[in-house]
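After this come two complexes, each holding chain A, first together with chain B and then together with chain C.
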Partner chain A sequence: MLSRTADNLYWLARYVERAEYLARILEATQRLTALPLAYVGESNEWESAVATAGCAGAFYAVFSEANEENVTDFLAFSTANPSSIRSCFEAARTNARAVRTALTVEMWDAINGTWLELRRYGNGPTSREELSRFLRWVQESSLRFDGCAYRTMLRNDAYWFTRLGVYLERADNTARILDVKYHMLLPAHEQVGGPLDYFQWAAILRSVSALTSYHWVYRESLKPWLIADLLILKEEMPRSLASCYENIVTNLDRIAAAYGRQGPVQRLARSVRTRLQNSRMDDIFQRGLHEFIQSFIADNNRIGTTITQQYLT
Partner chain B sequence: MAVAFDEMTGQDGKLRPAYRELSAWLGEIRPDVLDYRRREAEFLFRRIGITFAVYGEADSQERLIPFDVIPRILSAPEWALLSRGLEQRVTAINAYIRDIYGKRECLRAGIVPEDLVFQNPVFRPEMNGQKVPHDIYVAIAGIDIVRVDDQTFYVLEDNARTPSGVSYMLENREIMLRLFPELFSRHRIAPVDNYPDELLATLQSIAPNTAAAEPTVVLLTPGVFNSAYYEHSFLADKLGIELVEGRDLFVRGEEVFMRTTQGPKRVDVIYRRLDDDFLDPLAFRPDSVLGVPGLMSAYQAGNVTLANAVGTGVADDKAVYSYMPEIVKFFLGEEPILRNVPTFRCREDEHLGYVLDNIDKLVVKEVHGSGGYGMLIGPAADKAMLAAFRAKLKSAPANFIAQPTLALSTCPTCVDSGIAPRHVDLRPFVLTGRDKVRIVPGGLTRVAMKAGSLVVNSSQGGGTKDTWVLDG
Partner chain C sequence: MRILISHDTVYRYANPPASVVQILRLTPRNHDGQYVGSWRIDISADCRLDAHEDSFGNLTHTFSVDGPVEELVIHVEGDVDTEDTNGVVRGAIERFPPGLFLRETQLTTPSPAIRDFAAALKAAGYGETLSLLHGLLACLYEEMTFDADPTHAATTAAEAFAIRRGVCQDFAHIFIAAARSLGVPARYVSGYFFRSDGVNDQNAGHAWAEAYVADLGWVAFDPANGISATDAHLRVAAGLDYLGAAPVRGTRYGGGAENLAVRVRLQQARQQAQN
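The block that comes next holds the complex of A and B.
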């Protein structure tokens, strides 16, 4: 297929995935800040939301303070923020329009419908209730798009590049949450306990829609190192780094098999997966959770660049 | 102006046979049902994303062309006549272009004045003596037809460069089939949905001889910002070929390649929806970023087919148009089946005098204009506009032609006040391959949505209708 087409599909999937992630962050933050101070402490959750979205630089160039209004506007509706939910959907639709021929009717319908409906929200909701509805809608739109891709696309390179976009973005998002909240997950907190941490941990899980999964996997009350284990190493958890890499390797292998040629990106992705498979939480904590995540984010970025070099230009 | 011929009720108000069932159905259907389906049609169009960009309107990068749910119907004998006429006309156009860039016999015989060819900005000296694969210059033509009475169809304009609108022909039919299945079951309507197959067969048939047994065909688009981008992506999809932009292609060793995820792949036939000027910055406009540097060298080496060929504009110019009947006779030795609208060539003194005296009754068109831009409709113009056009005519008469204001036929159309007659034209599409000419029975019917208006161009607020050719 055309390199440009593959590039558009890959980014289309990334943008939709990112929009969903931003909605989840906002939802979790909204929930957390609605609790009485005694339960969540004095920390500024909106600041943390900006950091988790990975756009602190751009945000503080425009606003001096991170509060509900500013952050919601910037992450959800701002046209000045190239990674706001609105900008993501706009970019996704532009990409989709450029590769209409590579999309199924259902996928186009999903993304075009989302784009048309986005206009209804104008410059943003006027009430909290409306915001909640909006955030739900964003997540449903993303699920719908993803479901359409899964159920209607031919299983060929177009599909595999779309999947690569999803998993690379997802891995990046999960890693960012861990990176911002890593101090909450260190085993030292075990002694602290108390309602404050409980709600923080629950919010982390919620932002990757894993609260219920946690209970099913561990059948225990929330423990920070288990949360880290779930999000990093558990392959059965669809947003974990391990699961994302399982999928990235699989899809890269399918592309390589179809094209009859392995390349640098396949080797690189396999080495990241192997590292995740061979890791145990104890070791990761010992060597430093923060360092581990930082190096993972760097690897993930390198794989993105290599995919571009190998296939998309 | 006389009362226009109506497609449904003729001149005398008597129901024409082809419209019998439709007329009965229109009598039966409840207005609210019709209205509901109308809105559903609009919803479907928006959902599918069929939009059209109008140049010069800042806010409406993507606009919907109004769609009218009442079809325009042609009987089998009417279509048989049109179809023979179209094949004849396009065959003559191909012979004419080949002659212009080759032996120039028609110039020597005085059929067409030389300056009309050589001073025409769309004449391409690069094509002189250049052989094109299988001598086919215009593989895809869109011929605009208007009707003035029961017997008379005129060719209004030939489009031999990059005619658009065929996606509407196909989508209009799809939408109608979805919304009005009961109406289809009461007629036998010739299908149009084989057009993509016919187009692909045509394009493959004109691949260069150096191409592989299964030639690679691509569609070259200027990109998403082009007004017809929807159509480009739609067609590429239906044909199952890559939709490429200039940056996806490159030329090496006089061959054209596209950049794919598996490395470079040779391209044999380019169905290009990009004007000559932008094709190759090395040969034409150096500032074009839409084209492919070196494309002309590969073309001249005979390693790639461009459809349509470079330089076909010499045949569809409004000034050359008036010579088409002579061109048909000269090259085919036949009488033209389809007539031209009587046309005054302002370049000729005698004609110019008449046009200046009667400008308020005529339609004056710029010979290089298209899409309804830069034209004057005499009866609808005020004094100042007439004076301005008179001045333009005097300063550069050769740039203009004039035609009588035709009473274009009307067709019943849904408007706010109910169902009313509106003027229509017809653009059928003619495909010319190495093996044969293919014409899908139907075309794009354009309709002027404003009462009395004769301007059907979508850029000027015209709408479209499904076009039915009855099968026996």
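The block that comes next holds the complex of A and C.
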């Protein structure tokens, strides 16, 4: 396969995953800000939404303060923001068109249909209800695309490169949520069980669709250290860092086996996975949750760069 | 190096036992120098195989078979990618501070002879811990003769050292006893060793020792081969001594005499290019 084809497939999957993630952040933030002030305190949730989306720099270059209107527009519809939902779908569709023959009909229909339908939303919904419908639609589009890939693609390097894109992006996204909200998850945090904390924790879990999973796994009320455990170390939780790395390593191994050679990225990914497998939450808290997440994000970025060097250029 | 392992432990009983209970430490974990690609355990009888983790972080499986069974085969196979880290073991599970591994056990109690042997080395001017351990490794390899006949699973370090003979287990126990007598934390490691001389079929797993060096962390020494661990060593379990890291331990109800055969087959996978 040409590096260029692999590159398009990888980024196609990454962009779709990122669009879904942005929709999740916006939905969680909308839900938090809809609560009475007494529950959620004075903190500006829109600021933290911008930070979690990882585009604070670009945002504050244009706006001086974050509010519902400009954050929603910037993260969802702005053409100036290269990581808005609209830009992500545009970029995904451009990548898909470049490798149209490497996709199945269903995948192409899903991504092209999404792109066409995106136009219907014009410059954005006018009401909150409409925005909610839009955010649901974004997530469903991503689900449809992912399902098409899963159900119709031949299991060869083309499929594995799309999986790499999905899981690398997902790992980055979950890590970024943890990075912005880590202070909420520290066990030393006071007022355990206060309404403020409860809604923040629930929002973290909701942004990765894990609120129900949490109760299945722990059968307990929300405890910050258990939330951290679920999102970092639990392989059975599909958006946890451990699960993403299980998948990244598996797909890199398949690529290596098919090509008969392996390189630095396989070794790097295995060592990150090993670290996740051999860690316990107590040790992570002891050495610093923030430092752990920071170094994870750095590792994840390094793996992204190494994939590019090894396969995509 | 990608190593393919196939390991059979076969029990044949004179009188079929009514039940057998065993605990297996047969599943390797990942660390910086090794990555487990796939791994599975098959037991020849119908049974429930429960996975746990022991206090040292080793993966264990326990099973109980309701008999009568005439023959019981524990089959393990998998493939593991290893890298040569010059013996340094990084990224492994560490549940305890190194100081715990100064603890003596019955199998590793140093006899006066072992103490003298170790003290003589120290006196001979090996300065730092690391060179002291390398000296111990070399002298032990020189001093001891590999011989499977005179020792058995319950032979202590002192007994094996007295006759200067033993298998990898005894070498490791003596190394550990000597290192601990010098105040260096040391532990027993069970695993597999891929032989470069082309002998793929072996009738036992392998064992070696790890010792703690302050600035370096845990370093693996293989006194039976007189070398530091390489990418030919596949680390499975670690403990204070053989009993804590033994591949198979168990008990049975009835059964009379038992005949135990172990077949280990290690192969190097078709060379995969590294870049």
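To be clear about the criterion, the second predicted complex is superposed on the first by the 310 of 313 C-alpha atoms of A that agree within 3 Å, B and C clash if a C-alpha of one lies under 4 Å from a C-alpha of the other, contacts with A are read in each partner's own complex, and residues count from 1 in each chain.
Going forward, a contact is a pair of C-beta atoms (placed from the backbone, for glycine too) under 8 Å apart; a residue touches a chain by one contact, two chains touch by 3 or more.
Predicted, not measured: the structure shown is a model, and the values here were computed from it.
> Chain A superposed: clash or fit between chain B and chain C?
fit
> By the touch definition at the top of the document, which applies to A:G113: first (chain B), second (chain C), both, or neither?
first
> Does the superposition put A:R155 against chain B (first), chain C (second), both, or neither?
A:R155: touches no partner chain.
> Have a look at where A:H183 lands relative to chain B and chain C in the superposition and call it first, second, both or neither.
neither
> With both structures placed on chain A, which of the two partners, chain B or chain C, ends up touching more residues of chain A?
Of the two chains, more chain A residues are contacted by B.
> Could you tell me if A:R270 is touching chain B, chain C, both of them or neither one (first, second, both, neither)?
A:R270 sits against chain C, while chain B stays out of touch.
> Scan A:A256 for contacts with chain B and chain C and give back first, second, both or neither.
second
> Return, as a multiple of 10 degrees, the angle whose vertex is the Cα centre of chain A and whose sides reach the Cα centres of chain B and chain C.
110
> Is A:R133 touching the first partner chain B, the second partner chain C, both, or neither of them?
neither
> So, A:N278: does it touch chain B (first), chain C (second), both, or neither?
second
> Would you give the minimum C-alpha distance from chain B to chain C, in Å, for the three-chain superposition?
12
> Quick one: which bits of chain C touch chain A in the complex? Just the residue numbers, please.
29-32, 35, 37, 57, 81, 83, 91-93, 272-275
> What residues of chain B sit close enough to touch chain A in their complex?
46-49, 223-224, 229-230, 233-234, 236-237, 242-245, 247-248, 258-262
> Per the contact definition, I'd like the list of chain A residues that touch chain B in the complex.
Residues 1-6, 94, 97-98, 100-101, 105, 108-109, 112-113, 116, 157, 161, 255, 259, 311-313 of chain A touch chain B in their complex.
> Across the complex, what residues on chain A touch chain C?
Of all residues in chain A, those touching chain C are 253, 256-257, 260-264, 267, 270-271, 273-275, 277-278.
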